[in-house]
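Please see the structure below; I have some questions.
Labels run A, B, C, D, E and F following the written order; every chain starts at residue 1.
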Amino acid sequence: MRVTVHRKAHFNAAHRLYRKDWSFEKNHEIFGKCNNPNYHGHNYELIVSVTGEIDKETGYVIDMKVLKDIIKSEVEDAFDHKNLSVEVSEFENLNPTAENIAVVIYDKIKPKLNKNFDLEITLYETPRNFVTYSGE
Amino acid sequence: MRVTVHRKAHFNAAHRLYRKDWSFEKNHEIFGKCNNPNYHGHNYELIVSVTGEIDKETGYVIDMKVLKDIIKSEVEDAFDHKNLSVEVSEFENLNPTAENIAVVIYDKIKPKLNKNFDLEITLYETPRNFVTYSGE
Amino acid sequence: MRVTVHRKAHFNAAHRLYRKDWSFEKNHEIFGKCNNPNYHGHNYELIVSVTGEIDKETGYVIDMKVLKDIIKSEVEDAFDHKNLSVEVSEFENLNPTAENIAVVIYDKIKPKLNKNFDLEITLYETPRNFVTYSGE
Amino acid sequence: MRVTVHRKAHFNAAHRLYRKDWSFEKNHEIFGKCNNPNYHGHNYELIVSVTGEIDKETGYVIDMKVLKDIIKSEVEDAFDHKNLSVEVSEFENLNPTAENIAVVIYDKIKPKLNKNFDLEITLYETPRNFVTYSGE
Amino acid sequence: MRVTVHRKAHFNAAHRLYRKDWSFEKNHEIFGKCNNPNYHGHNYELIVSVTGEIDKETGYVIDMKVLKDIIKSEVEDAFDHKNLSVEVSEFENLNPTAENIAVVIYDKIKPKLNKNFDLEITLYETPRNFVTYSGE
Amino acid sequence: MRVTVHRKAHFNAAHRLYRKDWSFEKNHEIFGKCNNPNYHGHNYELIVSVTGEIDKETGYVIDMKVLKDIIKSEVEDAFDHKNLSVEVSEFENLNPTAENIAVVIYDKIKPKLNKNFDLEITLYETPRNFVTYSGE
């Protein structure tokens, strides 16, 4: 019996969407207000979804405390109250769009999990805009 | 890397569930209070989910402003503050159940998107009742 | 010790905002899309807040089952799946704005409560627009 | 056209996570605060999702009143305001983790539905922890 | 300039509503399903609201970290994953209704705050039932 | 009959909490992670609450379109996708704490309203931290 367990988490961060190799005008055309050179920010809401077999002994797919600790060390400690564009190495040459942040979070959490688990990342940039990535 | 981007939108509308070719009694039996001939209404909450490859240049699957504009022209301008049963041509011979509204929205948005994108429509008729359709 | 107890409820209804004694043009100017002669509708979310002393015997201000029954008979049975503009007598000569609906709900529930209780009505017309009335 | 219809429901219950065949110490190590012998409890939020063809006559996949009644008899009447660990036979020898509760709910609802329907159960144990099960 | 700052918190607990000095029948009549001798439980959502002057130096009414720590020690450590009826001394002779829990929380937090602050407690027992107490 | 009408709005912004006249160490001690010199950010959720008499002609306290336009010009256009600490003149010498932002929003909106209206500002910095200011 394969069940998916979901854990919500949260981090606040600043960012700017732009490409260093584009002019300000082109960045403005493509990224609009998100290209503000002084940065803007979001409360990112994160859902980490892990799919696997129920352990017959415990009745758990994965101990939520274990999953919570992985999210804390890999995501919250790394991103919370940070400027993603300036301080987070993964975005040194990668635009911190919601899509790319979700992929980076996936790539950070996946190796910490048992290989039999499937992983899906849902990331809310605002209550109206969110993305999902499952490694496909 | 295929990512799904989701955009929430909103419209208010009136409707009535019934079939012209059935008696009032049969309509009442099947549709209950939803068959009120004077109509009732809902705040419909809509989630439009588009799945595709991340564009390496921009970091976007699709520019949210583009998606927002498609939703506005195809759904909000067409349905908001309308009586679906009376004023919206798609429901002239189609019962405006949440299921059918979701299919209609899918059929309106799909041709506006790049063919490589997959589309899923989630429509909340009330906070407790909602439907999902992905063209299958 | 005065405590306020709050109970949430829900009803769906159609309505139209207009004045019979105004021209269509003036109604359109003032009420915009809400003046649609074919009606539109909402999921109204209601919070009924009752303030009073805690009963020392039970630990309740008011039994929630009692309050729930009052809301059902006075509001849900009267307004749910109805066209407020056509079928609800209180709005025969009163525009069913959120403000007026809240006052009508207050006036229906207040006489059903012990006189020592204060009452406040919060009514969400949409998730973004809501009103509060407490009989002042 | 296959559409998924979702219905939300709610029940409150007490439970304890532990195995009778383990020492208190081992239970405490694995289940932490959830092993409290005096029980703790949750407001469980449930989403029942049924996938099937739209009935061309009615425009429904399944009548929501029918689905609501199944949820009431199979889940709410059986679990609401109960102690899952003490009073619910399904958990006599099964740890009432969110994962196992979701599987039990699936197994209770599935036989009540038309065989052509697919079923998925989403169960929120808290607003931050939830699980999904679809019979795979 | 007096501003109110609000902090949300969360705890899960079991409880039973009944009076030892009443018969089971009378308890059942008054408290219904809440009188289950095996207990039931809730996810309690708490909002602690502190009103005071903005400190001109910091721009804070109260440092949220300080408020968060008070809530943790006075409420979360004391009530989370507990059986309120069995393990929490304040309810030894006090029915753990939402009203009484809110008063107990107020009485625990108020002495920890600067005397110039006003305090209000909002406690959700379920998403549909909640109470407010401000020491009046 | 005095009714309060509430309108929700939203803006995203970056900020930093610190005092120019304090050392980095003192700023770090008081403001912790919020003192990040590279900024962090939030999705601010705003509720603007206006209290006044119901206009007997229209049934409105204030036309929501008028209120929505005031919020757009005074708050959204001024703060959205901005760095409050760098680009918004009101915070040139004022720490952009949630408390101070709420006061600034109050002071911007109040003069745009009819003098008979009372105003209250509720500002969510995160889903767990929010503030209220009503000009007292």
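Here is the rule we go by: a contact is a pair of C-beta atoms (placed from the backbone, for glycine too) under 8 Å apart; a residue touches a chain by one contact, two chains touch by 3 or more.
All values derive from a computational prediction rather than experimental measurement.
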Chain-touch separation of chain A and chain F, in steps, is 1
Given over half shared residue numbers means same and under half means different, the chain A/chain B interface is different
Looking at Cα centroids only, farthest away from chain F lies chain D
Relative to chain C, largest Cα-centroid distance belongs to chain A
Separation of the C-alpha centres, chain C versus chain F, in whole Å, is 29
Distance between the CA centroids of chain A and chain E (whole Å) is 34
By the touch definition above, chain A meets two or more other chains at residues 127
Pairs of chains in contact here are A-B, A-D, A-F, B-C, B-D, C-E, C-F, D-E, E-F
Listed in rising order, the residues of chain D that touch chain B in the complex are 1-9, 49, 54, 57-61, 63-65
Listed in rising order, chain B residues that touch chain D in their complex are 17, 19, 30-32, 94-100, 102-103, 127-133, 136
Listed in rising order, chain D residues that touch chain E in their complex are 10, 12-15, 33-34, 36, 38-43, 45, 80-83, 86-87, 126-127
